[in-house]
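What follows is a pair of complexes built around chain A, which joins chain B in one and chain C in the other.
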Partner chain A sequence: MSTIDLTSADAPVAQPAEGRSGRGRRGHSTARDLLTPGTIIAAVILGITILWALLPGLFTGHDPVDGGDTAALLAPSAEHWFGTDQIGRDVYSRVVHGASRSLLAALIAVGVGLIVGSAIGLIAGSRGGWLGEVLMRIVDVLLSIPALLLSLTIVIVLGFGIVNVAIAVGITAIAQFARLSRSQAVTIMQADYVQAAYGSGGSYWSVLIRHVVPNAISAVLALAVLQVGSAILQISTLGFLGYGAPAPTPEWGLIIAEGRNFVATAWWLTVLPGLIVMAVVVSTHRLGTALRKAAA
Partner chain B sequence: MSSEKNTGAEAPVQSSADGTTPATSAGATPAAGAAPASGADSTPQPKPRGVGVGTPQKYRSRIGTDYSIDYPAVFADPEGTADGQGASVAGTVLRVRDLAVSYTTRSGEPAAAIRDVDLDIRAGGITAVVGESGSGKSTTAGAVIGLLASNAQVTSGEIRLGAHGEDPELDLRSLTPAQWQRVRGARIGYIPQDPGTSLNPLKTVGANVAESLRLHTSLTSAQRRERVHQLLDRVGIDRPQMRAQQYPHELSGGMRQRALIAAAISLDPQLLIADEPTSALDVTVQKRILDLLDDLRREANTGILFITHDLAVAAERADDLVVVRGGIVEERGPAQLLLSRPESAYTRRLLADAPSMQALTGLTDGAEASTAASTSAPASDSEAATQAPLVEVRGLTQVFARVPREETQDGEPGTTSGAGAVSETGAASGTVASAEAGGTQSAIIGIEDVTFSVPAGTTLGLVGESGSGKSTIGRALAGFSAPQSGTIRVGDFQAESLTKRQLREYRRTVQLVHQNPASALDPVHTVGASIAEPLRNFRIGTKAERMELVAQAMERVALDPGLASRRPRELSGGQLQRIAIARALVIEPRLVVFDEAVSALDVTVQAQILELIQRLQEELGLTYVFISHDLAVVRQIAHSVTVLSQGHQVETGLVEQVFARPENPYTQRLLAAIPRPLDTQVLDLQALSI
Partner chain C sequence: MPSSLTPSSPALGRTLPPRTLPARAVPRRAVLGGGLGLGALLTLVGCTPTDTTPLPAGDEPVRGGVLRYFEPQTWTTLFPPQAGFYPNGGIVNNITDRLLYQDEETLELHPWIAEELPEVNADATEFTFRIRTGVTYSDGSALDAANVAKNFDLFGLGDNARGLPISEQITNYAGSEVLDDRTVRFRFDAPAPGFPQATSTMNAGLLSNATLDLDSEGFGPGRSTGIATSGPFYIADEEVGTRLSIRAREDYDWAPPHFEHQGRAHLDGLDYLVNAEYSVRIGALVSGQADGVRDVQAPDEARVVEKGIQLFAQPTNGINNCMTLRQRDPILEDVQVRRALTAAIDRERIVSKLFTDNYPVATGILARGAAGYVEAPGAWAFDPQEANRLLDEAGWARPADGGYRVKDGTRLSVRVNIALPQPRSREVQSLVQEDLRRVGVQLLINEGDQAQQTIDSANLDRVQIYHSMVARADYDVVASQWSVNNRNAFLNEDAETGEWGDEEVEEILARVTGSARAEDREAAVADLQEHFIDQAQVIPLFEEPQVFGFRRTVQGFATEPVGRPRFYDVWLADGDTRAEAAGETRSTGSTRSARTTAAEAAGTTTRQEA
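And now, the complex of A and B:
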């Protein structure tokens, strides 16, 4: 999942750079708009995080679960970049190995929100009538419950664990996807080409699949990238509260939660992993915003 | 030009006795500036008859009819000079030499948008810049008013604004932004293209008009209000006190454009830039707006830079024409000369392609088309007598709302010019006009009791202004809405009562072509896929056969089948409309409804598409319903015509009949409003019919 989403994020950047002849000036300027220093840094940070998730062995030689006989609560050094925790595990190594779990969970969460949310939104927007009303009122109910409260409730119902946390976070994202895709669908349904499609004998579903979905998808995907960041944050929050992966697993929220007890004597145990989470969240947000602007 | 005569006759005795000329007010201080203008408003000047500029003041007649002769510019306004009004009152307002503007593209390569543009605008003269979209005409206007896009810059040339009253001559290229602010609005007025989006919707009309007064003068709010009322009155808006407090959405398009003109002239600028001021308006409204501009420049001696794509409008109103193409001036010169002896091939083509120009230059192309129509139409008529027509519409009614009587009267006052007594008569004639238009029936939004039939193989033109309900008929015919009452029969189908299954079959019989091809084609699909879509929907052929059919369809509309893999944004407007037509024809319908199908296109492209449509009709025996607001286009292509006004059908008949002998007053007004270049004086319906 992680690679899929990132390629879709990179695609508009890369494509015009290839210099396809038919694209002309418009594609070119889009590429320029995307290639600000901010987005480049964001893309680099995300790229590193994805490499952490895929090939953690390349970045660290330490075992994330077993500290061995290393001293506990060491300060950051060349050997242990983020120091060691209370049982001597290398924190940097735990953060690197935790990337895969956190990113995977975020992608599951966004996937749930994207698929369910845009299905609801597209149908509500293109059908209208009582069906659209009912669907959107359900979405309003979802929206009215605070996200953390809703996800906590769902996790308690589903049971603890990283996947359940991801699903819970995904459900809280449904409302946003539904609202966006509904507004897209409403606009697209009024376009001449949709009328022309009906005019050439198209049925509701063929118009939905052939015209509404492809035209709505870019804005929805941009929101998805935006949501990855907040999903990581929410999942870390739930992990921090203890609803996520069980103890020895390297997971970002859990790492911060464990370091919290030593914040007075070993601040780096919470601050450095916290900074990593923040950097990743801000990067996805930056990329998501840039993509949304490019899509608009 | 009939209305001009009328206003001339209606205009009260002028007040030039006190020696106050409109030109005087411009240079004076703001406080003093209002006074003469108010004088001009209460007792408007009669317009000098002469088309030329610089008619000496003393020859202005004191009674309504003006016998003054055209004086060459050499004699221009000697009195003005003597009064110390500045030598260039009747001189050159704007002088542009060798103007070049280029856009810096992202790749850093500057692309020239216009080159070597020369322009002269004299006081009281109209210079029209004519060209197709992308020809650089708006860039020219932007350079003159200093509002170019941020990536554009004037690379060479000279733009000089002539001295005016106490204001010195200015080199517009060297102005700082702060200096520009004192020039824009005060010395150069700007009338934007689209009245629908150019007024701030959150402010009242009065506040919108008062904006430049607020910025440039130190008038109190009461004085400003007074001035705004005068201005609104001046541009022919009735009940200005009430209108000033309304919001833009409460006004019609024509009235909004009037309000924008009022804003542009609020400080008596010496130069008005009108950027396609009428292209968003109906033909009758367009005529009134153009009349108003004509009055203004004669009265206040304002120079007008008129940007348009419509050669007929330009030719009718302008003194000088500048024909631009691809950023280069193709030809420039006095309008009369240029039209009678166009030197460049491009100008000749533009002249030949503009439908309303054909109407007049006539007897060549137009006559052929007309004779062709008149020979084929009676033939099909006699056929129609033997076999039932393909389309029969009886008593079609679809009323969305009935418009209260009062609102319909608020339309455009018939004649413009001046204030006071004239505006009252104007309002009165407006009432008469709407009474004529609606007859005894009330105006409605939608359509009521429309009846017509279209014999197979012929074209019916549906003509009317915007809001007349012609698109409603188009949608009902194409099966997109079921009418409230009435019947529509197309072939064997009763379109008003189709089941879902029948509707699908009906769509194979009737196809709709939209106005704007760019929005009617899905941007994410290739144009080939768009053409193939009806085939897919009706499960015609295998994939390979469909590709073959798409290629055939593209060849039929004279497009290279190789373009099938392109996306809509990679093609031009004309190509896209060909694609849209190809899509409509690929499932071999019997009836094609064109909803303003050529209105969004440049004249040259429009002419090509019309030719294509006619050829396809001959080859495939198609039946057309052609919806348009453009009478000239309808005359060119249709066999019979139905005229709609405010939801009612006012006239139906064969094209040559309706155009030669319009019986309904509304049709007559509509015909009279067609721009008539070469100054063809009084309304001559015979000449129009050719």
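And now, the complex of A and C:
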């Protein structure tokens, strides 16, 4: 997951607040940003994956957890698109059925990061003072611990299982969300309309809810889409290491881990599910980047 | 893979304002990473060579060469009674000598360090051995009757203070008596007919007096060069967790007398290299970085042979790979449930899916080559309808949606360990899990490493079905596995209340270990199997071999009766050329090791002259 660099989370700060006037001028380029061939392919891939998660039965007729009498380690064929795994289960079917678990876990992870991280960031950014300092130093500490190490530690404390893995991955994402939403909040708090809102008798909380949150949300949501990709990757990593769903549950990381002993004889067990994970991660990342630019 | 980059780059460049460059770099890097990964994979697929180099002519053993042998796990101790663990045994079997030698095929006993088979009294409680002369340990001390007595006093009685356990193969040991320089007598409190065989296993490997004074740490990793043995090889060097080097003893001249090969081992030595990742081990063998590996898995057998590698599948002649149902568990207490689980498992399917002809479906609780084997046709037949009927009858109702069975609010769920040293245990249990799910039984597979599995397996709340196997070419092997005094696979006795799960098992086991006559012991093993079948306590799955892969240049490989490698007779067809190469490296490389080797050689010569 280290290959996906999210340190540009503070990038919007670098843009001077152009005010609301910039919006109309950039409307056109926003649409063009979103309609490149790259984003369209990414959207299609993501769409198919979401359909896999919702309606796996439409895409495969094989049982993901019971291979019956099918031979083990069959090569990819018309009957078994991704071949069969080490105990004769259809790998494609396992990948399709695994989508719901991997995507759901990614959503939980991002949800945890989004809610907790944004709350910390917004309060720190809008309140400032010692509270802001303390909150952001905590975030700095979180940032200083490598994400995988942190999530491993949390999983060991919480116990194994896909939901716990999702929570652990979510906690590692808190820092990103906190920093982005803080920078948004700091910018917004200086805007004239916020001063005006205070002037007309608004309380801290009403200004936060009415003005800061709605204006900060688009950038934060764009980061959330970006984070889905890296969350899938992190969850698969933890699944690969054996901290995720117990067997025989189909889960992407676990599928790859179980196939890795057969790389030499049955490469498709790791390569094909690996390509799927890669495609989904790259797609969400592509979409996330495009949305971010549109929101900026 | 530059082509994969081109379609996306111009598009991005055209539409994105320049300030977003850092963000744009990310997908490109991902694409690049993917391309590199794919390229690496293709390269790997492309370079799996086949060993076709012609072998030097001649059947005469060539002296020289150091064999590189890859092990999946690192060894834990070299204390012989604990050599049952495969990596330990693979070393101990090659550095130690034993009183007797057991033929791996006929299972007959031959003299080795003992000049002849022991004199045994009528009720098999006294054994008198006569020791051959001229045998020395690698530290220069002599192997005499007093030393042999000291060995068995430690193996038979253990020493808790030093953390050295009793050998599970020697029971009821009372003591030893040195009659003269060359004669020693062992006494037992109860008949111990398995004792002569026990002296032939690697668990009774002889150690020098100084070595016998070590504690458990002294036998552990990091201290191995301090262990002195009398075998054809001695431990020369060690890197903890990575490598153990054994070298041939120039003055070795006490192989079992019936061997054709006498004197020094053909090899100059052997390096045990630990490599935990299976695919890397097989890759190293195929590419020639390793001369041999232990544990070639069934799916790779065909491919490995295709690549010009020799396979050795050695039966382990003990208990079959099996699942022990712990009847002290509240669910498995019911014999109906145990019978249902037995009927629900399709052993043929497991073996045909996961293994090859080297892994026959079990036809008894013991392997066909094991002492005491009795065929039990149809005892573990696959019959899912019967399984369903038994479970319905036992009151485990299946919910309408076809999920797991429930009784009084409890789900029919049991947990099994993963037997990491055993072949493909996880996959075996995954298939058992499928079989049981079809009849509405949930099988949980206990995740974790070797240490975790050991801890959980000793806890009835964690593991209710115990998957394992034990090898020893003697009737006593059943006691090693199931007796509460040994491995206690059933966890048969509650340590707190003293309550038994099934005391009859322990009584039969006592008859196996304690009867003086071989016929009585054989009958007791047969009784045990009948009891297991009647009570559905043990489900044997398949006969477990040890499968080794060696390059074609490796000749003369053999194993002892339970499948541990023996390198005494091994020689390398290109050993002479390899020895020269090694000599060059040594002279230019580490001077320290060269000096040590020279000093050792000098020491050996002095001893020989003395």
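FYI, the second predicted complex is superposed on the first by the 267 of 296 C-alpha atoms of A that agree within 3 Å, B and C clash if a C-alpha of one lies under 4 Å from a C-alpha of the other, contacts with A are read in each partner's own complex, and residues count from 1 in each chain.
We adopt the following convention: a residue touches a chain if its C-beta (ideal position, glycine included) is under 8 Å from a C-beta of that chain, and two chains touch if they have at least 3 such contacts.
Since this is a predicted model, take the numbers as computed values, not measurements.
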| task | For A:67, select first, second, both or neither according to whether it touches chain B, chain C, the two together, or no partner. | result | second
| said: Looking at A:285 after the superposition, I want to know if it touches chain B, chain C, both of them or none. Which is it: first, second, both, neither? | reply: second
| said: Touch test for A:200: chain B only (first), chain C only (second), both, or neither? | reply: first
| request: Could you tell me if A:129 is touching chain B, chain C, both of them or neither one (first, second, both, neither)? | output: neither
| message | For A:191, using the defined touch cut-off, is the partner it touches chain B, chain C, both, or neither? Pick first, second, both or neither. | response | first
| request: Would you check which partner chain A:210 touches, where first means chain B only, second means chain C only, and both and neither mean what they say? | output: first
| Dominant toucher of chain A (residue count), chain B or chain C | C
| Which chain A residues are contacted by chain C in one complex and by chain B in the other? | 29, 32
| note | Per the touch rule above, chain C residues touching chain A in the complex are 7-8, 11-12, 15-17, 20, 22-27, 29-31, 33-34, 41, 45, 48, 278-279, 282-283, 286, 297, 299-300, 303, 349, 353-354, 424, 426-427, 430-431, 433-434, 437-438, 444-445, 447
| field | Residue numbers on chain A that touch chain C, as the complex places them | value | 3-5, 8, 11, 29, 32-33, 36-38, 65-67, 69, 71-73, 86-88, 160, 242, 246-248, 258, 260-267, 271, 278, 281-282, 285-286, 289, 292-293
| request: Over in the complex, which chain B residues touch chain A? Could you list them? | output: 105-107, 478-480, 504, 507-508, 511-512, 514, 516, 519-525, 530, 533-534, 536-538, 566-567, 569-570, 580, 583, 587
| Touching chain B in the complex: which residues of chain A? | 22, 24-26, 28-29, 32, 191-193, 195-203, 206, 210-211, 214-215
